[in-house]
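Below are two complexes that have subunit A in common, paired first with subunit B and then with subunit C.
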Partner chain A sequence: MNAFAIAFNRTIRVGWRHPLDSLTPMAFFIIVVSLISITVEGVSDSENGIAIAVLWVVLLLSTMMASSGAFAQDYEDGSLEQLVAQNESLYVSVHGSVTARWFISSVPLLVLVPLGAWMLKLDIEVWWILFLTLIPGSIVFTLFGVLGATLTLGVGRNGVLLALLVLPLYIPVLLLGVGACQRSATEEPFQFALIGIYAIAMAAITFLPFAIAALLRVSQEY
Partner chain B sequence: MTDSSEPVLLTVAGLLVEVAERPLLTDFNLKVEESALIEIKGPNGSGKTTLLRYLAGIRRAHKGSIDYRDHDFAYVGQKPGLNASLTVFENLKWLTRNADQDISDSNLLLALSDLGLKSMRDTPVGALSAGQVKRCGLASLLALNAKIWLLDEPLTSLDEAAISWLKVAITSHRAARGATILATHAGLGLPDTTTIDLNAS
Partner chain C sequence: MNWFTQTFHKMGSPPFFYRGAKVWVTWLYVIGLGSLLIGTVWGLGFTPADRLQGDSFRIIYLHVPAAHLSQLIYIAIAVAGFVFLVWRMKMADVFIVSAVWLGAWLTAFALFSGIVWGIPTWGTGWVWDARTTSVLVQLFLFLGLIALRTAIPNSQRGALAVAVLAIVGVINIPIIKYSVDWFTTLHQPASIQIGNPISIDPSMLWPLLVNTIGLYALAAGVILYYMRINVLRRERNSDWVRDIVNSE
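Moving on, here comes the complex of A and B:
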């Protein structure tokens, strides 16, 4: 097996034995969306704009919640030490681990999106563009979330710090994604925003694992 | 006739060992030959662990050089790198993932039964005692077949039986011309041991 498959496998296995790490963000997603659907006036009206924004923001927060613990356990139990000590390509391992993390935390959330869209009475014509943007969007969110988590390795309770560090990085993707969906809902051209979000996702997939790998090395220098 | 082409497995020259910008050792030199057993001693905070982390490449040397003959070592730290929610066997598979030869499962099982962990192969590491976790980390040594062993405080929380097992393992490792470097307070009391006292140097 290559380094990607090994890291992917390991992360999936560990995630599978800690189902609460995935279920908590899912519960959070459902709770927030359902509370908004029964309280915010106008969500259920014909305006799709609010529903789209709500889904995006809640997905962003849930993903942030899910990725906050990335590599924390490996840091504690010495696995990270072993990863750095073996003179292997950390970049590839990070790729495998982050991909697994996306499957564990983001895919269950994406599965919940139709439910949320239904609760917020989002027009069914908008669903496809919502998915088309949420998939690359959630990949970027996961990568930035893991980046933030590795930055705060060893700091201990890192929730608030993490939010402060990575939230600004989420903004461009959030605006592009919501913009594309809303423009599509009002039948305006949205191709630019769609291309933009895919371009950001491609760049993030290529370059962020370098940054994460470098941070993992730095975390061992203390 | 022994092959004496190049018996030096590891050369450390002029290494600067520092913790948080504070130098612990300014000019550390070491030559590790085949079959060597080197015990690094010194009081708490003298840099035993840090030195081993430099040798294992976990920390980057900013000054001085660390040259392996064929970059073939196994490192067992104080935290052996075992994930608590994975089983003993899964963890060992992961620890030995980069081994040169294909390590068959039976080879791993052999290492486990040597250490009395065979019945625990499917137990999550989180359910093991401290000594068993330590044993599990040491089991990876047997499966890895590396030329140099870097062991950080291997004796901590091991019982008598495990300590004598470790002595036997190191002795047969030396017989196979492998070298061992260990950071320890107590010392193993094996013959032909080179002791490096970090406080004296």
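Moving on, here comes the complex of A and C:
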């Protein structure tokens, strides 16, 4: 097995044995969407604009929550040290681990998006563009979330700090994604935003694992 | 070129930097405060009022230099972060720690002066368009760098983490820079661009240039001043600091 598959399998298995790590963000997603549906009047009859924005922001927050625990357990029990020490190709291992984390944390949330869209009375014509943008969007959110988690490894009570570090980095993708969906809903041209979000996703997939791998090394050196 | 690499290597040495920067701080303060005084008095008192905006356009003399400089400081921090990651030069981290607060304040000032300017000219202090939002993101990035640095107790590790975060955050800079050209926003495109004729009258331009030079010089002076303090604090156990303290 190569480094990618080893890291992927391991992260999936650990995630499978700690189902609460995936279920808690899912519950969070549903609760926040229902809070907004209950309290904000007119969410359902505002030509989809607010509903799209709500779904994006809530998915963003849940993904950040879900990826905040990345590598924390490995850091505590020393298996991260082994991963770094094997030093074969940490970049590839990080890729495997982040891909697995996307399956653990983002895919369950994406499965919930239709339920959220139904709760917010989003027109069914908008669903396809929502998914077309949410898939690359959630990949970027996961990568930045894991980056934030590695930045704050070993820092106690890192939740608020993580939000401060990661949320500004989310904003360009959020704007592009919401922009593409809303433009599509009002039948304006949205290709620019759609291409932009895929371009950012490609760049993030390529470069961010370098940064994550560098930070993992640093966390073991000092 | 040989001279340049030599100076570059020498600047990496704390005692050399500490002694060499002293003269620079004084001169940069003098030039910076002097030019700011001249440019501001000139701009506020002696330039004609704008045909469309009246006197409110005079905020340009502080808003534009502050906004531009804050962005430059972010890029400089990211470059220093790269230098620190690759060569592990101590002075690069000293620069980051000394410059990050100034960058945050300048960004906040650029936003504030923009709001003050927007109320009479746009009719609203704040719009959620690409330029204002991306500058706000830059403020958050600065605050994130500060928070991360203070949260990590191990100094070397904190420095490396801050360097990585600064480099990743650079993606925001082209978004700020080109937001007025790519998207339709209320914010006007830049009046002074390399390669294009300058679309601003010379009588209004000169005070702006003087103020820009002044603010840049002052900022460089302030950063060097704090770098000297931080160098002393970090090297407090070394011989050369002891010599300086004993001789004074």
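Basically, the second predicted complex is superposed on the first by the 221 of 222 C-alpha atoms of A that agree within 3 Å, B and C clash if a C-alpha of one lies under 4 Å from a C-alpha of the other, contacts with A are read in each partner's own complex, and residues count from 1 in each chain.
FYI, contacts are C-beta pairs under 8 Å (C-beta built on N, C-alpha and C of every residue); 3 or more make two chains touch, one makes a residue touch a chain.
Computed from a predicted model, the values in this text were never measured in an experiment.
Asks: Quick check for you: in the superposed arrangement, does A:Leu110 touch first (subunit B), second (subunit C), both or neither?
Replies: neither
Asks: Check whether A:Val14 is in contact with subunit B, with subunit C, with both or with neither, and answer first, second, both or neither.
Replies: First partner only.
Asks: Go through the superposed model and pick first if A:Leu215 touches only subunit B, second if only subunit C, both, or neither.
Replies: The answer is second: A:Leu215 touches subunit C but not subunit B.
Asks: Thinking of the overlay built on chain A, is A:Asp74 touched by subunit B (first), by subunit C (second), by both, or by neither?
Replies: first
Asks: Between subunit B (first) and subunit C (second), which does A:Ile30 come into contact with in this model arrangement: first, second, both, or neither?
Replies: After superposition on chain A, A:Ile30 lies in contact with neither partner.
Asks: Once the structures are superposed on A, label A:Gln86 by its partner contacts, choosing first (subunit B), second (subunit C), both or neither.
Replies: Only subunit B is touched by A:Gln86; subunit C is not.
Asks: Pick one for A:Ile6: touches subunit B only (first), subunit C only (second), both, or neither.
Replies: first
Asks: Which subunit A residues lie in the overlap of the subunit B contact set and the subunit C contact set?
Replies: 221-222
Asks: For the complex, which residues does subunit B have touching subunit A?
Replies: 19-20, 53, 56-60, 71, 75, 77-86, 90, 94-95, 97-98, 124
Asks: Provide the residue numbers of subunit A that touch subunit B in the complex, in ascending order.
Replies: Within the complex, subunit A contacts subunit B at residues 1, 6, 10, 13-14, 17-18, 73-74, 76-82, 84-88, 217, 220-222.
Asks: Report the residues of subunit C in contact with subunit A in the complex, numbered from low to high.
Replies: 85, 130, 133-134, 137, 140-141, 143-144, 147-148, 151-152, 154, 156-157, 160-161, 164-165, 167-169, 171-172, 175
Asks: Subunit C touches which residues of subunit A in the complex?
Replies: 147, 151-152, 154-155, 158, 161, 164-165, 167-169, 171-172, 175, 208, 211, 214-215, 218-219, 221-222
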